[in-house]
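Order as written gives the chain letters A, B, C and D; numbering starts at 1 within each chain.
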Amino acid sequence: MFPWTDGFHWTPTHIVFLSLFGAALSVILATAVWGLWNTLNAFRQHLAAATCWRQNFGELPATERRCRHELAGRVPSRLCDHAFDCRTCPNYEKFAALPANVPASRAGVSYSDNLLYHRGHTWVRSDWDGTFAVGLDPFAQHLVGSPDAVQLPDVCDEVESEGIAWTMIKNGHKIRVRAPLAGTVISTGGPDRDFYLKILPHGQPNLRHLLKGPEVAGWLAAEVDRLQMQMSNGKATLADGGTLMPDLMDTEPGADWDAVLESTFIDR
Amino acid sequence: MSETALIDRRWIARGAERASTSRFLLWLFPWVCLLLLGIYAAGLCFYYGLNQTNMDNRFAFGMWIFLDLAIIAMGAGAFFTGFLVYILKQTDLKPVLNTAVVVGLTCYSGAVAVLMVDVGQPLRAWFTFWYPNTHSMLTEVTFCISCYLLVLILEYIPVLVQNRQLRHIPSFLVFEHQAHKLVPVLAGVGAFLSFFHQGSLGGLYGVLRGRPFAYRQGFAIWPSTFFLFILSAIAVGPSFLMLVVAAAEKITGQTLVDFGVYRKLGFISGVLLALYVAAKAIDTYVWLNITSPRLGFGPWDYYSYWPLSSTFLFTATVPLGLLPAILFIVPRTARHRGLLLLAAALTCCGVLLNRFVMTVQTLALPTLPFDPFLKYIPSWQEVATFGGVLAYGVIVYSLSYRYLPLFEATKGEAKNVSLD
Amino acid sequence: MKFSRRDLLIGTAGATAGIVFTPVPWKLLGDVSIWSQNWPWIPQPAHGPIETTLSACTLCAAGCGMRVRMAAGFPVGISGVANHPLTKGALCPLGYAAHQLNWHPARLLQVRHSGRASSWPEAQAALAAACAEGPIAVVDGRPGRAASLTLETFAAKRNGSYQTVLGPETQALAPYAAWSGVPASALGYDLENARTIVSFGAPLLDGWGTPGRFTRLWSARAAGQSDPQLRLIQIEPVLSHTAARAWRWVAVREGTQDALAAALARVLVEEHLVKAQGPLPEMTLEQAAVQAGLPIAEIRDLAHAMVEHGPTVVITSDGDPAVAALNVLLGAIGTPGGISLKSKVSPQHGAASTASAKFRATLLDASVPWDLIPPTQGEVFRFAAWDGGGSKADWLLPSPGFLEELTDIPTAPTSATETYTIATNLLAQPQETQTAAQFLRKIDASLADVDKSIHARCEQIFQVKLGTIYAGQTKPVSQFESAAKMEEQLRKGGVWLGESPRNATLHCTLKTWPATSAPASPTDWTSSWAPPVLPPLASKLYQESTVREAPAGRPA
Amino acid sequence: MTARYGMVIDLDRCTGCGACMIACAAENNVPPAAPRATWRTGVTPMLVHTLSNGKEGVDRREAFLPIACMQCEHETPCVSVCPQQAVELDKSTGIVMQMPQRCLGCRYCMTACPYHARYFNWWDPQWPPGMEHSLNPGVSVRMRGVVEKCNLCHARYHDALQKAAAAGKKEIDLADYVPACVEACPTGAIAFGNLADPNDPVTLAAKSPDAFRLLEAIGTEPKIHYKTTQAWIRALADRKAARPTEAQHV
C-alpha cells in the first residue's frame, strides 16, 4: 500500500483509507500540539499564575466566594465571578461608592486600617521607598503560629500576583502562600521580622483587588465563622471573648487542617 | 497517622473521603498477585511461543480474541459518554465522564496488550502500519484502536494532573486548563474512530465467507455484523459504566453520582438494546434463510450441536437482550436501583455471550463435510493472562479513584448550583 | 547568550520534527523489519550445486529405484525413478524421508559391548575367540547379495551355519516351495496377468512386495472402475487401507482365514467351479461358515466371484498352507497370472531357519530385522546402523547408514522375474562403521570382497546374455559390448531385468488338505523396513495426522 | 500468458499411504513434529483425511481425502483478511503465496480458511543435530509463530522458470514443474496441470461428471478438484449425506 511495498499501486481504497486515518491522526496530534503550545504561551505571557489561581478559585465552594462588597455590608449578597480580581471587575466603582456597615468589633482578629489585605491572608504595606512589604495576616498567624520551616524566594526573584510567594511547613502540612502583588523581591524577612517579603513592583501597581477597611472586618469575621464551621467537630472554642486563640495548629492538632488551610490560603 | 499514611494522604485530594492506606493496600494485594501471575503467563508465551496455549490450527483464535472483543465492547462507554456529553450536550452525564475515560483507557490498553501476546511474532506487529492491507478488517481495527488509544491518553492526562501533588506543578495545571478546551474535539475524533473499529471488530467475522456461521451480507464493504457490533457496543457501554460506578459506590460505601445519572444511562442502554435486538432478529432471519443457504449450509449445520446450540441464540436475544431493555425503559422497573443494575448486568452478559458465539462457536463448527465438531479448553496460561488484564483494570481504576478527583471535580459545581 | 529551558524544548521539538524528513528513521525502520524477519537460530539450508544421481533404496528387500538430489555433498531430496521397470517411480512413504535417517538421534556410531562403549579390535578379538571355541551362526536378513556370499563362506569355513531370515512376502511363498521343491526365493506372483486377486489379509496396497508394482497396476486396472479388469478381493477382519480400496471386502472373523479357505475349497470343488478334484478339507461347508462367521450364501457367492473372472490367484499375508492350498485348486501355480517360477541366473537360497541354542556365537547382519532376537544362550554380535533399543545383543556393531554402503540388490520378493541392481555408496562411509562383510574380512582376509563379488555377479549376468538393462532407457544385455560397460550402467543406478517366468517347470501336488499354521499379524511397509527407527518426518503420518496408527516399537 | 495451476485428485486411487505428506514435508523443509504436537497443532501442508460413510461393521466404507491449500481463485478468503499483505494471489500462476517473513502470526487467515489448509508454527522448527544438512536448499525454513501452507512447491516452479529462461523460453515446460506430492503418489492419484490450458488433461478431468470441489457453494473457486465414482463419497462431499456422527479424530 505504501510506495516501499513491492508491487505497490494506488487504488481508491488506499486514498479513502489513508485520508480518513490521516485526517483523524492529524486532528489528534494537532489538538495535542495546540494544548502544549498554549501552555507554553501562558508561561511566556506570565499568565500561568493567574490561570492556576482561577482554577483554584473555580473549585472554591460558593460560601467562600463572597464579594468584598457583601462582606463590607454594601450589598446583601453577591458572589465574585472575577477570581477576586477587582481590577477586572466592571462594577467595582458602582458598589464601592455605597456606604459600608460593619461593626468593627465583629472582627475576631485585630487588623490595621493602613494595610491592604489579600484573600490569601497576606497584607501589603506600601513603604516610603516605593517598595511594598508583604506579611502574613493575623488570622493566618493565629492558625500557623510559628512555622517549623519557611522557604522564601531569593532576592531578585520575580513573584507574580496570586503566584506562590513563599511556602511554610507546619506540623507536616505544606502551606503555599500567594503573592498579593507582582514584582521583584528586593529583600526577605520572615516570621521573626515584621514582614516576609519586600517587593518592588514594575511601575505603579494597581492594588484595587486588595481589601481594606470595613471589607477586612467583614471578611475576617466571615473567615472566623468559616473556621468555626470547619473545626466544629473539634469542640474547643476558637474565639475567646471575640479574639482568636493563638497557635491553633498546635492546640488543635486533631482538626482537619487540610481543609482549613485549603480554604485559608485558597490552594487545593 | 503513620508516616507513610501521612505521605499517602498528601496525594489524596483535600476533603476527599478515602479508605485508610492499609485497607487500600489490603484491597490491592490480591489484584496485584493476579496481575503478576498474568505477566508471568504472558512471559511464558513470549519465551516458549504460543504452544503454551491450547489454541491450535483449527482454533486459531481462542479465549484472547474473545477477551479483546468483549472488553473493547465494554470500553465503548468511554467514547459514547464523551459523545453524549460533548457532541449531544447531555451535560448531566458529566459526573461519570472521568470514570468512563479511565474504564475506556484500561479496556483498550488491556486489549492491545493481550493482542501483543496473542500474535506469533509481536516484533512484527508494526508491519501492519508498514505494509497495511486496506482490504482487511483487521487493518482497520489496528489503525482505529491505536489512534483511539492516543485519544484516550490525551483525555486521561487532564484527569491525571488534577492529582493534588501534580496540580502543584503550574505547567500541569495550565495544561489541564488548556486541555479542557480541547476535550470536545477529542471526543468527536474518538467517536468517529470508535464507531469504526467497533464495527470493524464485527466485520472481522462477518466477512469470513469461509465460515458460513459468521458470514453476513451487508451494505457496501461492511457486513451486517459491522453495524450490529456498533449498536451492541454503544448499548452495553453505558450499562457497564453503570456497573463500574455502582461497584465503586458499593466498595467505597459512598454515593458518588445521584440516581438520575443511573436512570439516564439505563434509558440510553435500554433504547439502544431494544434497537439492537430488533436488528439482530432481522439479521438472523435473513442469514438463516438467504445468506447461509446460498453457501450450502442449513440451520442444522449449526444448531444440531450441544451445548453451543440454538439455545445460545435465544439466550443472547431474549433473556439477555429483550428483558433488560424492558427493565431499562419501563419507568416502573427503572425506578428500582436493584432492577436497573440487574438489567445492566444482563446486558453485559448478553454482549459477552454474543462475542463468545461470534469468536468461539464460529471456529468450533465444522465447515468441511467430514469434519468433527471441535472442543477447546484454554490453558492456564491463557486464563492467567485474561485474569492479569482484569487485575490491571481494577488496579488502574482503584488508583485513579483514590488519587484523582474522578467524581469530586464535578461535585463542587453541583454544590455551587445548589446554592444560587 | 543564555540557553534557557525553553530554547531546549523548542530545539528538541524542532529536531524531532526535522528528523522525519531525513532518510534516517526510514532506513532504520527498514533494517528493523529485515532484522525481525529472520532469526539467527533458525537452521539455514546448506547451499551448493544440486546434482541428481540414480540409485536404489537399501532399506528393505524391495530395492526401489531412487532419484537422489545431492547438495553440498549431502542428500537433500529423494524421489522415485519414473518408469523404473519394477517400482514404476513409486517409493514407500518412509523412503521420501530416508535421507534424514543418518542423523537420527538413535544412530549407532560406537561399538557397544553389553551396553558399555567398546572398540572394533575388542569386538574382533571376541568373535575370533568365539569362533575358536565353538560353532557359530551367521544370520543374513537379505540373502542373495554379494555380502551374503561373504557371510556364507565365513560360516562354512568355521563349520558354523549360515542362516537366513526372509521377509513376510517370501515366507508367504514357503508352502508352494515345500510342495514344489523349489526355493521360495525363486517363486513370485505373476500379478500383471492375473485378473482376480484374492488377498487373505495381504496389504497389497499398503507396501506389499515392491511398492509401486502393484499400486500402479491396481491404479490402472481397478481403481474407481465398477467392473474392473483387475478384481481385488480383500479378505480381512478389519477395514484396512487395502480393504477400504478393494473391489470387494469380506470381513472374515479374526483368525479364521483357514476356515473360510476350507469353505471356499468345498464350494469350488463341489460346484465344479474348478477342474481340480484334489484333496478337500475335512471341515464341512456349514462348520467352516460358522467358524468364519459368514453366511453360506455369501461364501458361495464369493467362490463364484473368484472364478468368474480368471485367471485368479490367492495371496496370503503369512505362509498359511491351509489358505495357500486354494491356489492349487484354482490351478494358479505355474500358470500365467499365478505363482510363477523365476529364471535362475542369480543364486537361490533355501528357506529360513533361526539360530538355536547350541551356537557359541551368533552374528546378525544389519539386514536382519531388529525385532528378531535369536533364541540362543551364546554370544550375539549384532550389526546395526541405528539402535532401536531393547536388543539382547552382547555386541552392538555400528554399520554404515543409508547410502553409505556399496551393496547389490537381488531380485525383490514377490517379483515374477529376476532383477539385479547395485546401490553405490553416495556418501562416504563413516570411519566408526563397518559392514558385517568388512568386519569378517578383517578376521579372515581370504573372504570375498563385496566389490569383487558384485563385479563377478555382473560378469555372470553378462555371460548368460539374458534380459535387459534399464538405465533411462531399456537395452538388452546382449547389446552391451562388454561386461564393464554393463556394470557401469548398473552402478549408475540401472537395473537388470531377467527373462520372463519359466512356468512350465513349476508343479505343486497336494496329497491331503494341509493343516493351518499360526497366522501372522497383518503388515504394512513398516514391517519389512529394516532400520529399527523411522525417519523423524514419519511424525506427519503417525503424530500430526490421524490417517495411520503408529507402528509399535519404532521410534520416529 | 498466465497459467492457473491446479490438481485433480482421484479419491478412488488414493490408498491413504501418506507418501504425499512426507514427500511434501521433506521438499518444503517442514520440521518433524514437536513432542507435544497433535493432528491439531502439527504442520502438514498436505494432509490426508479419512472419510467414512458413518456405518459400522461390514457396511462401513472408508476413503482418503488429501487436502492441501485449495489455491482459491475467487475472493480468496485468506488474501483479503491478512492485515499486512503477507498473502497474495500470484497473478501469473494462480498460486496463493504466503510470505512467512512478513507474517506476524495473527492467524486471521486460518480462521478465514474453510479448508483448514493453513498451519501455524506453534514451535520453533527443530531437527536432530546435523539433520539440517538434509534440508532442501531451494526452500527457506519458517520460524516459530508464523503461518504457512502449500504453495504448490513454488521452489520447483522457480527452478522450472530458470530452466526455461536458460533455454530462452518464456513459458515453463510443465514436465519440469511437478509438485512433490504429485511426484510421490504411488498410485498416480494426483494429477497436476494448468487449468488455464483448455487441452490440459487436468482441465478436461476437472470437467468430467465425476469431478467436484469441496464447499463449491462458498464460491471461492478452488483450483484443487476431486474425482470419485463412489456415490457415498460424492454425497458426503456435496453435503447431501449426513455428516458422520462419530468424530474420527480424538
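Quick note on the criterion: contacts are C-beta pairs under 8 Å (C-beta built on N, C-alpha and C of every residue); 3 or more make two chains touch, one makes a residue touch a chain.
All figures in this text were calculated on a predicted structure; none of them were measured in a lab.
Of the two chain pairs shown, B-C and B-D, the one joined by more C-beta contacts is B-D. For subunit A, the chain whose average C-alpha position is most distant is C. Central chain (C-alpha centroid nearest the global protein C-alpha centroid): D.
Taking the mean of the C-alpha atoms as each chain's centre, subunit B and subunit C sit 62 Å apart. Each chain gets one centre point, the mean of its Cα atoms, and the points for subunit A and subunit B are 41 Å apart. Centre-to-centre, using mean CA coordinates, subunit A is 98 Å away from subunit C.
In subunit D, the residues that touch at least two other chains are 38, 41-42, 49, 85, 102, 124, 143, 248-249. Shared interface positions of subunit A, i.e. residues touching 2 or more other chains, are given as 1, 5.
Contact with two or more other chains is made by residues 121, 124, 127, 130-133, 135, 139 of subunit B.
Contacts from subunit B toward subunit A in the complex involve residues 6, 9-10, 13-15, 130-135, 139-140, 143, 147, 150-151, 154, 164, 167-168, 170-171, 173-179, 182, 185-186, 189, 192-193, 409, 412, 415-416, 419-420. By the touch rule above, subunit D contacts subunit C in their complex via residues 10, 12-13, 15-19, 21-23, 25-27, 29-30, 32-33, 37-39, 41-44, 47-50, 57-58, 60-64, 101-102, 124-125, 127-143, 180, 183-184, 186-189, 210, 227-230, 248-249. Per the touch definition, subunit B reaches subunit C in the complex via residues 121, 123-124, 127, 130.
Of all residues in subunit D, those touching subunit B in their complex are 34, 36, 38, 40-42, 49, 51-52, 65, 67, 75, 77, 80-86, 102-108, 110-116, 118-124, 143-147, 214-220, 236-239, 241, 243-244, 247-250. Taken together, the subunit C residues at the contact with subunit D in this complex read 37-39, 41-48, 50, 71-72, 74-80, 89-94, 96-97, 99-100, 102-105, 205-207, 211-212, 215-216, 218-219, 223-226, 239, 241-242, 244-245, 249, 251, 525, 535-541, 543-548, 556.
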